[in-house]
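First subunit A sits with subunit B, and in the next complex the same chain sits with subunit C.
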Partner chain A sequence: MIGPAVAATGELAPATPSARRLLGYAALPLTLFAALVAALASVPLPWSVHAAWVPSLGVDLAFHVDGLAAQMLLLICGVGSLVFIYAAGYLAGTPRGGRALLLLSLFLLAMIGAVSADNLLLLFVFWELTSVLSFLLVGFSHEQEKSRKSAQQALLVTGGGGLFLLAGFLLLGDLANTWSIRELIAAAPHLVDEPLLPLALGLVFVGTFTKSAQFPFHFWLPNAMAAPTPVSAYLHSATMVKLGIYLLARLDPAFGQLLLWDVVLVAVGSITALWGALHTLRERDLKRILAWSTVASLGTLTMLVGLPNPAAALAVASFLFAHALYKAPLFFVVGNLDHGAGTRSIDHLTGMRRYMPWTAAAAALAALSMAGLPLSFGFVAKDVITAAKAEAELVALAGHAAVIVGAVSVAVAAVASLHVFWGRDNASRDAHPHEAPWTMLLPPLALALLGLLFGIMPATVDPLLAQAAQAMAPELGAVTVEASYDAAPVLTALALTLLFGGAIYAFWDGLHRTLERASWLDAYGPAAWYQRKLQALSHIAAWHTRLLQHGLLDRYLLTVLAVVTAVALLALFLSAGRWQWPAAQGVSLPLAAAGAIAVAGALATLRARDRFVLLLASGLVGYGCAALFLFAGAPDLAFTQFAVETVFVVVAAAVLPEIRGRRAAAPALPPPARIEPLKLLVAVAFGTTLSLFLLRAAGLPFDTALSEFFGANSVPVAHGHNVVNVIIVDFRALDTLGEIAVVAFALLAASPLFKLARVGRGGTP
Partner chain B sequence: MTPRALMFEVAMRALYPLLLAASLWLLLRGHNAPGGGFVGGLVAVSASAAYAIAFGARRARLRMPLGPPALAAAGVLMALASGLPAALLGLPFLTHLWTTLPLGVVDLPLSTVMLFDLGVYCCVWAAVGGYCLELLGAQEHNT
Partner chain C sequence: MIWVFAIVMGVAVAAGTYLALSRDLFRMVVGLSVIGAALNLLLFAAGRLDSTAPPIIRAGEQVLAHAANPLPQALALTAIVIGFALLCFSLVLVVRLMRATGTDDARALRAAEPPSGEGVKPPLEDI
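Entry: the complex of A and B
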């Protein structure tokens, strides 16, 4: 439903909107953000809203905002506001720019719904909405094949994962006998011994891993970089890809004590982090470098959720926040570079500080935080992560993964700031680089400065992070980011990552060349597997289309009749019932005559050689049946049948010469009618089956309740003597409304085909 | 152009309004005797189809009150609208309301049912008729 609506509104807006016009869209996130901050300041968490939606299915419009949800809401609306402002500048003058902002607005609302929903099915609806909107946004530049392919991939992976998630939700809801997430968490201790719980959790894992780009489903995220930069910064870094992490964190209090939960999350998170870090070094496109480092960060987050100790909850909350505060500005910076210098390749980007001083400043500030240097919020987050890991008895893999990811982050931060902006300007570029407009400078600077502010004064965000952590680990009690400060191990870890990171940065080009030669990564990675499966799918589709869609009308009819006969016969013999020959009734002359007409028509079709005669003979069958209805006491049915038959014969007769004309090369007369054994068999079997059905039906007692009801109520309730018409327009009016809507839609569906046929023949469309 | 059938054309000039009148009569009598929106609409379709065979699909389309897609949509909207008064009064959607219009000599019963059945009539006429006219029109372009 969204698609056509968006298409319609997109057409109404001017084709190439100005930045000022697009800025209007930012009013939505700004208003929501202001309201959210005001509410957080005045109303204590948690907030709950509940309204019945589909009570019979237990699907309620239940919303519950606790610390974790509030943190996500702040990210969605806060980063969202800046993304909207940035997008206004970035998309100004782009065809259909308004549509992108409209889609972003819808996405914003869907995200708000997803993180505040307290009903599993409601959450699923919003979850899939974000997938669909992501598809539309990734495919925004749909003129490019790459965009279309990436959009398709994003939808297939995340949307397909969403179906796994739905299955998992249904199982969980069934086990816990509730759709409410809070009740599910409360009921979780009783579910531990359920044999189906591992299956349910496995399905939820697939759903969350696809959404949050975890190995082996991660490959859609770097490809989704085909989207416009604000979309990448918002959906594929700050919010949507965090939704999977959010759900895992939300369910952590319920299942965090299970070994399965911890092992899977820590293992998958670590592998993802390593895989992402490895691929970061294989890229030359700055945006893809950031995308792969996002994959690595998401892996780290998943691993942190999997750590069983409560302190990890604080680490998740801090890192969620820190990542949004430094990764989104870096994406903005890439967008500015793309906009101002016309390239994203780090081979062509050096010394940009001279041309883009403000962008360089934003990049430097964000890079400080990404590298986790002191006085930045990234440092605070890194500190909390180190503390959490020190407490947990880590598997070696997870420990090493964290160090390597940290080092690669440092290297990426150095590339994005030092290499691009501070190096000597000796790269060959076509365009003369220029600074971006204010709309594209304010957002990265604001976010990066916030990252610095929170780093210097962690107390400002402390209450929020503590509440978010408590939502994940209720036993945590009151903690603060500052309280977990422990200088010695943190500084050691910092020194280690800085050292490694510096080394990676220094040898970046060499590492890149080595890794680029490792082509087996491309040939055997999950992305290659996806590609092969997708091709296999289209081969299967082509094969079975060739098999079934041969375009021969008589074969279609043959297939349909044969299948119907087989299924009906099966049903007849499987069902219990008795056969009864209908009681002999005196057959009236008109009835017999009508029957004779129909039979004569049917026999004539067997002998007819000319299409015209064939048409008339088959029309005779219809008229015979209509007469039969008329004399059997169903005049309405008879009238309709007469009218349908007449229109069909008249129109078909008028169109027949056309078909003949087109087969001018064929002999004037069709080949003499031959009775083919197979067709004869199917026809006889079909007729016999129908007769058997009638015999069986005659054996059933006739329930007169409905006819008595309609007979008794037609005049007093509906003021009509014609019961058939009264049923159509009054008793079952809603059905009729649906039917005529279908009839109207059939015309709408057919008219483009007609138009196509006209154009094909060279007529006027 | 296909060769003209003069007798048929002359006959169709008179037959077209007659067929439409018959279809309306079927529509109106439908509540108490055999007939109704569906049958009436189909008879109107046969009128349009016959007219198209005589004068061409384009002229037949012009003689319909609206273009086929618009008329079909109008039909569905009429049927939809007929259910709204009941919904506004708090009754279940599509509960039909009746009233009588005194005309002095006789009282004329009026109902939202009429609007509903008129919607069915228009939708069937436009959708099935539009389809037939396209088929018939395709032939014209070819020759």
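Entry: the complex of A and C
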């Protein structure tokens, strides 16, 4: 289903590009990053750009960059630059590698648009663009079925969530009467009592939770690891999955005071964090281990956004930053291992430092930050988080979740650095491991070193984080990351986390085996639910195709008539209060007799066993109708109907022997005299509906202007006394010509068919 | 008068529709002819039945006096003739079909949609 679409775009790219050629793509993020840093240094925030796009709908190209957006932009362009460099090395020699970098470039631009948009609908457009690009990048190795399925899953979950988000945006925009995000935030205090606000927020929640892989929509993220590693590092760890968190943080000043907002975010965030931590321990593939720990981190971020105190804003900003600085290099490390040793399984990866010393160094530095050890930026972030939680009155679930996630992070950091690089060398490996090229070493080392640098000198990033936090919590004064912690609780928490984390690392294999046996997690988790629903969708489609597209012509007609009748009856029923039955007047005897003849003929057709009798009965209906015309003041109609009916009966009777002859050889039909109740019911309903329509129409006002025109002009203009004839041959002469043409064409078409049929029979024409 | 028209039209349409829903091609064509006749009644009656005088201007007069509405009559007249032409055409089609396929059972005409199991529609269990 997805393969052809991906394959179609793939044909455009050159076959196997060199690393040098792919490096050219890095010019885009590097330029943007340099420009961004220069601008941040010289122009004070916020920056605004505004241009009308679809003014009639209120959709403007409105961009607004405040502290939060600036932080996201720095991550997008900064991490992006290193990802592009890494991807050039990683994808060199890979068929269609250029296409991946082109898609990454488009993704970069879409992300920039999404985080700087100040219009809900504009934001939505960029949001969906990132979903589509994520789909294309996850499905990059479209030859593999797993890749295609993962891409489909990512698109269905995030794209489906996007529809919820759109509905939520439309509702919010309608309530606040603006599409501007800043105006929405300003108007938020007046919306608190709106009854539709919870619905709107619920829709926005679904949209953001699918994007940021929150429970129960998280399962697409680990599967998205089918993408090339630089894509995983960039989209599925550092940037795109943070978009949902970003939007929640953006709207936090508007709705952060609502109990609903806090409860949902803290609960969902905590459950996601726990669920992610639990599944981290079930994996043996290092990349999937990192993916699940990303899910846990995203859960932590969601929980932090939900905390009502302003200190949490600083925690969100710091953790967003720290996570990108340590998770992206760890993904790069996995890519290097995959590249150099040909495996990502931690069972086969031990003692790799001898073969890949630089990768080992990068892993160790990033792991320091992930574990939150002192002198790393992860430590600073952890301090701020501890401080934020200390201020909030947390429910036990959220508190425990944070501790467990912290411990699992320590264990994952230990696995990724100690186990893989420092353990005993495992000789059973097939390929001889080798170190990665510089393009794949520079990015992880640079990011990990930055993590260390900012850890030692947090003051360097203070202005950035403080501005980001103030965008989330305007009441927050001038804060600094350094000043916001108190040594004693932080060190206690750190010791606790390290202790737990060490224990998890020590018993990793045992825990893994225990959790592996818990197969109910696979059978009843949201991922299984998704699979079942996807299969159900195909089954429903097949079932309903079989139900409606059965190929039985008479049933098709029955279905169409039944639906038309139902719709028409509904229309009649809805207007039932406004119409009156026409008065019953005296009816002349001839008219009544003519009607009786027609009705008798119609009823006779139903019971006619013989085709000739059937034909005669239908002729009776025609004659009855003709008589009705005659006594209702339409002699022209009557005579035409008489003539037509007679000729039709004669013609049909002429071909009847032919049909009868065929009939004898054909398989038997059900006897025509046996009434089929369902068909009769639909037929009677259809006839009754038309009768009701006629009676309804008779009670409506009638415009006679056209008839009066014909009545007044027939003699003076057309010199004819029979108005009906004058209309046909004079006023509507062109129509009549068309009518004659139809009759002629029907004869023209019928005669060769008839002749052909004779030849087919073997007789002489 | 409108009641007579409505009842006759309704009964005839119901009978014609029932015939048209038949599996027998010949009955379908006869059903079409009955429906056609009935719908002409509908067209005529929808133009109101205020007078039973034919819409003919008396000799020496210039303007139509109180008479039946001529416009729907003109339209119905056209409809009758065209309906007749198409009925004859469908009759020939039926004869041709019967000769080509050897059956006049509408359910046996499956060239466009072969019965299930012939690979046109996915079987349920394969999905």
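We take it that the second predicted complex is superposed on the first by the 531 of 765 C-alpha atoms of A that agree within 3 Å, B and C clash if a C-alpha of one lies under 4 Å from a C-alpha of the other, contacts with A are read in each partner's own complex, and residues count from 1 in each chain.
The criterion applied here is as follows: a residue touches a chain if its C-beta (ideal position, glycine included) is under 8 Å from a C-beta of that chain, and two chains touch if they have at least 3 such contacts.
Just so it is clear, the model here is predicted, and its values are computed rather than measured.
Ranking subunit B and subunit C by residues of subunit A touched puts C first. Judged by the touch definition given at the top, the superposed model places A:D193 against neither subunit B nor subunit C. Look at A:H721: by the touch rule set out above, it reaches both subunit B and subunit C. In the superposition on chain A, A:E475 makes contact with neither subunit B nor subunit C. Of the two partner chains, subunit C is the only one touched by A:L557; subunit B is not. After overlaying the two complexes on the shared chain, residue contacts for A:P657 are found with subunit B alone; subunit C is out of touch. Looking at the shared chain after the overlay, A:L690 reaches subunit C, while subunit B stays out of its contact range.
Of the two partner chains placed by the overlay, neither subunit B nor subunit C lies in contact with A:D703.
In the superposition on chain A, A:P635 makes contact with both subunit B and subunit C. Shared-chain residue A:E145: touches no atom of subunit B or subunit C. According to the touch criterion, the shared surface of subunit A, contacted by subunit B in one complex and subunit C in the other, consists of residues 635-636, 640, 644, 647, 651, 655, 658, 721-722, 724, 728, 736, 743, 746-747, 750, 754, 757, 761. If you check the complex, the residues on subunit C that touch subunit A are 1-24, 26-27, 29-31, 33-34, 37-38, 40-42, 44-49, 51-59, 61-64, 67-71, 73-74, 76-78, 80-89, 91-96, 98-100, 102-110, 112-116, 121-122, 124, 127. Contacts from subunit A toward subunit B in the complex involve residues 635-636, 638-640, 643-644, 646-647, 650-651, 654-655, 657-658, 661, 718-722, 724-726, 728-730, 733-734, 736-737, 740-741, 743-744, 746-748, 750-751, 754, 757-758, 761, 763-764.
Residues 26, 30-39, 42-43, 45-46, 49-50, 52-53, 68-69, 72-73, 75-76, 79-80, 83, 93-94, 96, 98, 109, 111, 113, 116-117, 119-120, 123-124, 126-128, 130-132, 134-136, 138-139, 141-143 of subunit B touch subunit A in their complex. Per the touch definition, subunit A reaches subunit C in the complex via residues 535, 538-539, 542-543, 545-546, 549, 551-554, 557-558, 561, 582, 584-585, 587-588, 591-592, 595, 598-599, 602-603, 605-606, 611, 614-615, 618, 621-622, 624-625, 628-629, 631-637, 640-641, 644-645, 647-648, 651-652, 655-656, 658-659, 662-663, 665-667, 669-670, 672, 676, 679-680, 682-684, 686-688, 690-691, 694-695, 697-698, 702, 704, 706-707, 710-712, 714-716, 721-724, 727-728, 732, 735-736, 739, 742-743, 746-747, 749-750, 753-754, 756-757, 760-761.
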